[in-house]
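First chain written, first letter: the chains are A, B, C and D, and each begins at residue 1.
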Amino acid sequence: MDLTRLPNDKKLQLCRWYFKVGCLLLPFVWAVNAVWFFKEAFMKPPYDEQKQIKKYVVMSATGAAVWVAALAVWVTVFQLQRVAWGPTGDSLSFIVPLGRA
Amino acid sequence: MASFSYKVLLLILCTFTLAHSERLHEQIYSSIEGGAACFRRLNGTHQAGCSSADNGAVGVVHMIKEINDAQWLVQNGSAGPYMAVVSTVQFYDVIEIFMQQPENVAGILLYDNATDSPTAFSQESRCPNEYSSASGSTCSSTVAGGIVWNTKGTGLLRRDIPFPIFYLPQSKSDEIDKIQLCYEKFNLDKSNQKGNPLCSLQLNSFMFAAVNSEVCLRRSASSALLNPTKVCDPLGDNNVYYSLFPRTEETKSSKPVTLVTARIDTASLFDGVSPGAASSVVGMVTLLTAATTLSQLIPAKDAHLYEQNVLWTLFNGEAFDYIGSQRVAYDISKGMWPAAAPLSPADIRLHVEIGQIGGALSNTNNDSSWPFHAFVPYTNIIPEINEFLDMMTSNAKPYNTPVITPEFTMNLPPSSLHSFRRILKNVTESGELPEVLLADHSNTFTNLFYHSALDEYGKIYFSYKNLTISNTGVFISTDELLANGTLKQGDPQVKIARLATTLARTLYQTVTGSAYSGNISASAHLVDEMLYCFLQSQACRLIMAADYASGGGSSPPASAAPLYVGVAAWAGTAPVFAAHLLALLTGAQLPANRTVCDSLAEPGFSYYWLRGWNHSGVCIQTTMNMSAAVSPAFAITDYDLKSGVYSSWTESVWQAMSARVFVSAGGGGAGAAAAAGATVTVLAALLTYWLHRHADRIFAAPAASIVNDDAASGILRTVNC
Amino acid sequence: MSDTGSESEIEEATEHTALMDGHIAEARPDREIAERIARKRKTKSDNQQSYGSVERTEGGASGAAGTSASNPPPPQPPADAQIEELELKYGARHVIKLFVPVTLCMLVVVATISSINFYSVKDVYLAYTPFHEESPYAVTKVWNALANSMILLSVIALMTVLLIVLYKKRCYKIIHGWLILSSLMLLFLFSYLYIEEALRAYNIPMDYITLVFVMWNFGGMGMIVIHWKGPLRLQQAYLIFIAALMALVFIKYLPEWTTWAVLAVISIWDLIAVLTPKGPLRILVETAQERNEPIFPALIYSSTVMYCLAATTPPPPGEPRARELRPLHPHGRGTADERRAARESGGAGDAAGFDAAWQARAQQQRRLRVDSSQPPRYTTRLERSPAPAQQPALDDEEKGVKLGLGDFIFYSVLVGKASSYGDWNTTLACFVAILIGLCLTLLLLAILKKALPALPISITFGLIFYFATRCVVKPFADALAAEQVFI
Amino acid sequence: MTLAEFFSCSLLAFGAPLVMFSLTVANDPVRIIIMIAAAFGWLLSFLLSSLVWYAVVPLRSYLAFGMVFAVIFQEGFRYGMYLLLRKTEEGLKEISENHNIGSNKLEMAYVSGLGFGTMSGAFALVNVLADSVGPGTLGLHNGTEYFFVTSAAMTLCMILLNTFWSVIFFSGFDDKNYLKVGWVILSHFFVSGLSLLNSRELYAATIIPSYIVLLITAYIAFRSAGGSTAKLVQSLTSRS
């Protein structure tokens, strides 16, 4: 799939679609969207859809960033607190490490 | 000249052959076989025992010859962490040093030195089963002073050890020599070990479970979706019981029983080596022999004549907070034991426990004396007990042994009585269920190897006489053996046989009400065989005879039966052997072939088709039976494992235990390689780049250029792919 | 350009349009493309209709390949010699473009095998391999293995027949449904397994929340990128990973010797299915040709695209069976035989794609996009004369070696299996042998100009070198290494 | 610690070849293919020699014997490679435009030599490297901790030697100068023979002469590739 051959309206559609899909708890899609359309949004000579594409790209990027941050926080909290949480920690755990608390 | 030198080389080389073409791996590592690893057990609140990292613990070998070595290791060992190689003699002195400062200790390889063995060696706590002992026991492993039972105990069995420990028995001394060699080759210069190749050990005993039983059981239950992993199992096995007369629902109330108990199991820090000669085997063998003898004194068919019964019981898992006896006591309190005809505490006339009686044998191996102490945990006089003790003494008269000194104290040594006194508190303490404990020590153990890997047959001076058994299963009598000098007064066989006789006759007296006048006595020959079976080789005459005839003839290994209780998941061999021995030695042989035997079903009896003395197969009718020896903690639903009411021991699961010795690099090689590699690579890069860029100028056109585009496209058509 | 925009998109339409666009993309400005898309939107309402439209457009497309005069004339075809040479050149480039993904796939598999021992221990087996080779006797093992592989093979054959029927009946919905399911299975179930074992191997704690979140993202993106459209690199990464997962599953769940037997049997089956006139794949091709529609062409890896490969079917039923190589057919050579070659090859490819990696067919259109996007990198040519400079760029789009994902999987199975015994020489030998086999196949391709199965040569080499190395070479090599003798 | 050993040894052995590959071969598919073909050729030769070694049971314990055959087969396959490249070149002459084949003969030689050498090096070292990961190093029974370094160094030497040998070998056959061919074969025998000493841990005695041979060979290769010190110096001076 290469964007250079896409007519601008299609680009916009695609970008928007990706953004929308990203709203279904799919930050990864957002990240991809941001990276993928970055050139289109910021490098290309301006065209009329570019403004919106830019908007979507920025939104996706921020969304993805927020998600990543949230996930990182959660993971750190879990790793630090798992033992303290006791039974809850274990029932939350998908892999419980062997041989240690 | 090249060719010439080459020829020379060939000549040189054809003279000696290059034999081994093994993979390099075998040259680097040499695995240490036959080591027994310390493993991890967990109770309701703690984890005990050892575990390595999951890819093994690696440390520099350091042979501990005296305490200073240990000091040096923990304080100023520079190339650490170290793997301390300690003999059983030093172990007691150095272990605390390591436990205090484990930072520099990667692990311990413990070996038993053939030449000098320690005078005492016990990893059990100073007060075994301290926290499940009944009220009134004053022993405390934490408080200094006061009498403790196991004076030499290090308590490692109950402590969390921060490093792995492997044990090498005497038979594996060659492995130690291997390590010694390697050690002397590399590690002797203690001052500058750092940065040099050093002889190292890797101990791998990674334990899956952690924290405590509650956590590990929880984790075993809840684990990943697709392939769950088990982390730990509850300890447990089977109890064995056998009543002189069959006990059925209708007869049980009429006949009060005398409960005679002993323990099957023992323990040790290391996996698979728990001989427990003095700790448990002597007691168990005494019980088995006594039961045999009594069954000869009183034939089972005379049941209707007497108003008394004797219930012989072997508890299992006693080493770990009295698993077996706790379960039995608990079941009695619930009126569920024995399953066929449950006992009520009122039915039990007297409870005689044969405790640890093997220790004294080591001190008194050259005379016939064998002092006993009967612990009577009552302040007031209990007639049954006094009567019993008197009868014992009188019955012991013929042989001026054993001497039994009563100890009227509430401070009972470790024994199953504790369970009964805790769980059946009201009846036992009041004396409705009178209890007495036979032991060979008054206030501290005479057995200095309690629950240790060194508690072997040698420690009770047992030497197997290897006498043949007649096809009818008749054993040579003790007196005959003494007469023909096969055995001496001091031999444990004789002593145990006499104790068994005394006990049997006493019980005869309690059952019949009249002293025994006949001359049937326990045979030291039987004791000899039995000790051999439990202490030296399972491939012994008795077990062969007592095995299932349908066993397929696969003879058990020629090693001591493992007496560690093991996990409840599968039954250990020891209780099975004990049970079958009871059946074979006490049961009635029926003239029935196999099919008939299997079909037989008379209440109060069970029927076994065993090999028999001439291995032709016999049908045995016996009252022997087994009951689960799993702690009530795991039977009661929603029991709080932390409460500490019942034994809550679990054993961790592990994958592999291995040890190997090798030389660890000092880093010189790596450094050299890195330096050379970097320089060469950079050099090559520069040179190639230069030639690449100036190919056309350096290499005479149109001669070869290492790279240029014309050439590249030229090749395009020289090869078509 | 395909009508990617509409969220509710019917797969058929895309692929067909895709092909068409692929041909014309270079020539026409975006405006025209756009309006053609508009046209297609109208016709897209019902399948039959769209086929009609495809019919048309297909004609146009093949016109671009210089067949009919009714279309805008193709760029001036260069001289034969030049083409030949271009071919070789692109041939070489294509070969490398095949080597890279194949190598990557093998790399993933080998790394996994040697770091996570879950995949090398045998405990559970496929339902399709009832004989577990537990007996100690070599003979029994052998017939067990053979029986297993035969069962598997018959399953495959059955599948193929089923697929032919489905295809003839034009029940695309079923086919696509199946496709989606299988890819779902791979993306979620197998990668779940993978994550679990990886974490367990390194004893890393992890919570369900994170797991679910990560899996959902990974899988979701995967479905989008495989079934619809996304950045090329990402798609390639996904496809390679999927192939690797598939290979790992085979290694794990096939009994020891069955694996080898299957490898052998499959490559023979491959020969038959592709080369014999009545081979199932061939039949599929014929129908495809009659209908004159490209069936899921994207299943085949085309070297002009960087790795546009895909094949996922649940391990039990189908196994990926796209194993044809499509010959390079020079653009603009109107001779009959050339066209036949082209058609055949295309067909073969399609067939492969068809029963191999179903869900990837939608990528055809992506693929073409990609191709045309590839900047012409043949500098020397460009410098020399601009006229041919266009040529390669154009050529590069339609021609190209096409390789089914099945090959990737089975190559990886072989190498991974070899590496599971811990002797790296064996692994290396198999790797090189397979690459060379591939190279030879391509060489044959360039000579024969007809569709060829890609497994036989490579797998044969691989097997030969595996067993030779294990039995004969290893002792010698170990001896040399132990004694540090360099030869 | 041991990982460090692993990586540094791999760097030492394969760093230089990797650089050469990435600078001169990687950017051209055809060269890559030639290289792989050469690697395969080496593989075949090794297979044959180990077959011989394996077949002749009584001599199996004499590595020297296997070594001799290995060298012979390798040189044989080097010649085979030469023939192959030349033949393909002949076969494709007509479709090649005005292009002097002469210039890329030795280039192919270089590429194929690199392939040859890399494969032999890999076969010599991969398992050793695999064993170097892990806590231990040699020395328990015999050998020193420098085993891995020396092994890596020898491997590098062999890889480079093979590269240059091919260059010399090809040019030798091109201009019928059989001295060069002779040098290649003899020095190959010499170096391999030397390495037999390694089993007695005379590593220095092996490595130093081998590297001397390497230098000589490199120079000969340089000359036979048409290069001359004068031009090299000139290029250096003019550029810097």
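Definition applied: a residue touches a chain if its C-beta (ideal position, glycine included) is under 8 Å from a C-beta of that chain, and two chains touch if they have at least 3 such contacts.
Per UniProt, the chains are A = Gamma-secretase subunit PEN-2; B = Nicastrin; C = Presenilin; D = Gamma-secretase subunit Aph-1.
A quick note: this is a predicted structure, and the numbers were derived from the prediction, not measured.
In terms of C-beta pairs in contact, which of A-C and B-D ranks higher?
Ranking A-C and B-D by C-beta contacts puts B-D first.
Measuring from the mean C-alpha position of chain A to the mean C-alpha position of chain D, what distance in angstrom results?
Inter-chain centre distance comes to 49 Å.
Distance from the CA centroid of chain A to that of chain C, rounded to the nearest Å?
Centre separation, chain A to chain C: 29 Å.
Which integer distance in Å separates the CA centroid of chain B from that of chain D?
The answer is 59 Å.
Centroid of chain C to centroid of chain D, CA atoms only: how many Å?
Here the centre of chain D sits 35 Å away from the centre of chain C.
If a residue has to touch 2 or more other chains to count, which residues of chain C qualify?
Residues 85, 88, 92, 95, 196, 200, 203, 439, 475-476, 478-479, 481, 483.
Scan chain A for residues touching two or more other chains and write them down.
Those would be 94-96, 98-99.
Note the residues in chain B that touch 2 or more other chains, in rising order.
In chain B, 18, 23-24, 27, 54, 224, 229, 710, 712-713, 716-717, 719-721 touch at least two other chains.
Every pair of chains that touch: which are they?
Applying the touch criterion to every chain pair yields A-B, A-C, B-C, B-D, C-D.
Show which residues of chain C lie in contact with chain A when the two form their complex.
Those residues of chain C that touch chain A are 1, 4-5, 7, 25, 30-31, 33-34, 196, 199-200, 203-211, 213, 216-218, 220-221, 224, 229-232, 234-235, 366, 369-370, 372-373.
State the interface residues of chain B toward chain D in the complex, per the touch definition above.
2-3, 5-6, 9-10, 13-14, 17-19, 23-25, 27-30, 58, 182, 186, 197, 199-200, 202, 661-674, 676-678, 680-681, 683-685, 688-692, 694, 697-708, 710-721
Under the definition above, what is the set of chain A residues touching chain B in their complex?
86-87, 90-91, 94-96, 98-101
Which bits of chain A are touching chain C when the two form their complex?
1-2, 4-7, 9-10, 13-14, 17, 21, 24-29, 32, 35-36, 71, 74-75, 78-79, 82, 92-99
Would you tell me which residues of chain D are touching chain C in their complex?
Touching chain C from chain D are residues 29-30, 32-33, 36-37, 39-40, 43, 46-47, 49-51, 53-54, 63, 66-67, 70-71, 74, 92, 94-97, 119-120, 122-128, 130, 147, 150-151, 154-155, 157-158, 191-192, 195-196, 198-199, 206.
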